[in-house]
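Below you'll find a set of structures to go through.
Same chain, two partners: subunit A is paired with subunit B first, then with subunit C.
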Partner chain A sequence: MLTIKRFASIPCGTDLTALYRATVGDYPKFFKMDTACKLGFLLAEQLADEPRFTPREDRAVLMFSTCGSLCNDRHYEETVREFPSPSLFVYTLPNIITGEIAIRNKYEGETSAYVMERFDPETFVALVEQAFQDSVTASALCGWVDCRADDDYTAFAFLVERGGNGKEFNVDNLYGTVNQ
Partner chain B sequence: MRKVVCIGESILSPLGATPAENFAAVCRGESALQRYEGMFGVREPFVASLMDRGRWTVPGRTFFDSIVIEAAQRAVEAAGIDPASPRTAFVLSTIKGNIEYIDTQDVTLACSARRLADAFGNPNPAVVVSNACISGLAALLQGRRMLLSGRFDHVVVVGAEVQSRFIVTGFQSLKALSEAPCKPFDAARDGLNLGEAAAAIVLGFGESGWELVDGAVRNDANHISGPSRTGEGSYKALRYVLKHTSPEELAFVNVHGTSTLYNDEMEAIAIDRAGLLDVPVNALKGTFGHTMGAAGILESILSMHAVDARIVLPTRGFSELGVSLPVRVSAQAGTTDKRAFVKLLSGFGGVNGALLFRKGGAAC
Partner chain C sequence: MEQLINEIKLKLIDALNLDGMTPADIDDHAPLFGDEGLGLDSIDVLELIVLLERNYGIRLANPQEGKKVFQSVAVMADYVAANRTK
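== the complex of A and B ==
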């Protein structure tokens, strides 16, 4: 059985730079990230457990959205006519958010990015459960970070583990946790 | 555990409209890589393998959606399954989808996945796996997992990529493109070529045929756009699938082989660490270019055909080993009597993946 160990969310309208300064402060790569990656990074900070920064292969990072990297894609497209920006281009991938979280936390397990038409709890829970078919995966940081624009997003994430003492990771408890 | 097997395949590429046509073209050493000037409104010339848009674009659909749906249709027909069944699911693998219309249309990848499922009257949520350059491999692994979850009898996994100013200028800005046809693992390699293709595999349960034995995705946790210098994620993904096999059983490892300096060196290190230096290695990017979301599926299908024909496909563009370890790169076509292979890919975001395929049942 999978259980919810931790939950974190970032309300739309949050000053992400202020949140970074208050909770992290010593990771300047943060300022290179697009908004989706900043959200994923900050969610992962809230969900991180001890010991930190120890390489581990047993933690997966699974991120879901509708928009993928589209918000940053528009920023890159604006540069194309004059001087295509390599630093923006590398963020035009829906899975870079998983890479940023893996790098920061030394999570060497599976990282995957999924795009769905809308937030659909049944599919979200099913895909996370299926990721645990990987026998090495013992826990997963899984989140919905849908960045429609730099000031219009939905961002929440769970730390889910095999066994554990938390609530079962299922559709009902997912709804209950998110709505709290 | 029930076996997940491939029951239908399709490939659409500049080299052919069926797996057999593409396989024959690879065996003949062909490639559609050519130099384009002014294509997509891109200022700098580039070398790529591009499809004939006029041939494939269906009225009312974008070129991308057209080849996705056509590839799916052909694989579904080959498999003889009911695509509208609630016990059938679709998984789409792509990185940029319809991005060329970013200014004028809804280009979210999920829209393309919905149109794919709708084209077949399929009621299930359409899932996109967008895991950079390993998307096709990750989508096949996802299809396998969906079957093993017990919710589905068939999963149609479709991978496709079309090129555009958006993608070409991006890779140019990263100085990742070669000005000539690419040279995987070669001493003179200097970058990749982009390519267009669509490919699909229908996965189902079976006792014979090509089994998708298992797979793994692992992150380097090192850099978002540069491969690990120790091949960390690739090595770990290989180590995972090697639990189910031994180097002696493998006909070859079909590697990513983008022909960038760092990717190919990283793969050589991972292959060495995984104890696979004695296994033949080949790469297909010198034939098709880097077909991004299609690559994992396209290259897996051609590898299956190769093993069926008892062939180790040649690595077009390779002549002199240019990595630091003695990887056995197949310059020319070779022969094999082995029945399994590993597909390896890596991508931005530090992501790496390996799949193990094995031919079961009676030898053909």
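== the complex of A and C ==
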């Protein structure tokens, strides 16, 4: 059985730079990230285990959204007319959020990014369960980071583990936790 | 020189889209690349080369030269002061 070890969310309108300065502060690469990556990064910081930064192959990272990297794609497009910005270009991939989280935390398990038509808890839960079908994955950081614009987003994430004492990770508890 | 260092920091923040960063966050002597300093990577070198050309009329033709010039903001400022054409 999969259980919810921890849950984190970032309300829309949060000053992400202030949150970074208050809770992290020592990872300048944060400033390079687009808003979606900042959200994923800050969620992962809130869900991280101690001791930090121990390489682990048994943790997967799964991120879901409807927008993918669309918000940053627009910023990049604005630069194309004059000088296409390489530093923005690198964030024009939805799966860069999982990459940033994996690099920072040394999570060496499977990473995947899904772009859905809408928030679909059944599919969300099914895909997370699927990530545990191998013999290695013991936990997964899975989140919904839907960045429609820099000031319009939905962002929450779960740390889900095999076994554990938390609530079962299923559709009802996903809904219940998110809507608390 | 202090004024030039601050100016370069502002241009770095703008060119690299370091949203939310201020000049005070950048140590004059910290390495620009790698985990120890600003965390820039090879992709960002292109932006820095354009920054030098656009703002100071400096054209870096030799990539090896870039490695030396982009060590830190202080090193960049020294190089700009000695080689700028505008």
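Basically, the second predicted complex is superposed on the first by the 180 of 180 C-alpha atoms of A that agree within 3 Å, B and C clash if a C-alpha of one lies under 4 Å from a C-alpha of the other, contacts with A are read in each partner's own complex, and residues count from 1 in each chain.
The working rule: contacts are C-beta pairs under 8 Å (C-beta built on N, C-alpha and C of every residue); 3 or more make two chains touch, one makes a residue touch a chain.
None of these values were measured; they are calculated from a predicted model.
In the superposed model, A:E57 lies in contact with subunit B only, and not with subunit C.
Between subunit B and subunit C, more residues of subunit A are touched by B. Of the two partner chains placed by superposition, only subunit B is touched by A:E117; subunit C is not.
Of the two partner chains placed by superposition, subunit B and subunit C are both touched by A:V90. In the superposition on chain A, A:L16 makes contact with subunit C only, while subunit B stays out of contact range. Shared contact residues of subunit A, touching subunit B in one structure and subunit C in the other: 85-86, 89-90.
Listing the residues of subunit C that touch subunit A in their complex gives 15-21, 25, 37-40, 43-44, 46-47, 50. If you check the complex, the residues on subunit A that touch subunit C are 16-17, 20, 27-29, 31-32, 75, 83, 85-90. Partner subunit A is touched in their complex by these residues of subunit B: 95-96, 99, 102-103, 107-111, 113-114, 125-132, 138, 142, 145-146, 148-149, 151, 165-166, 169-174, 216-225, 232-233, 236, 240, 347-351. By the touch criterion stated above, subunit A contacts subunit B in their complex at residues 55, 57, 61, 66-68, 70, 73-74, 76-77, 80, 84-86, 89-90, 92-96, 98-100, 102-103, 105-118, 120, 122-123, 126-127, 129-131, 133-134, 136.
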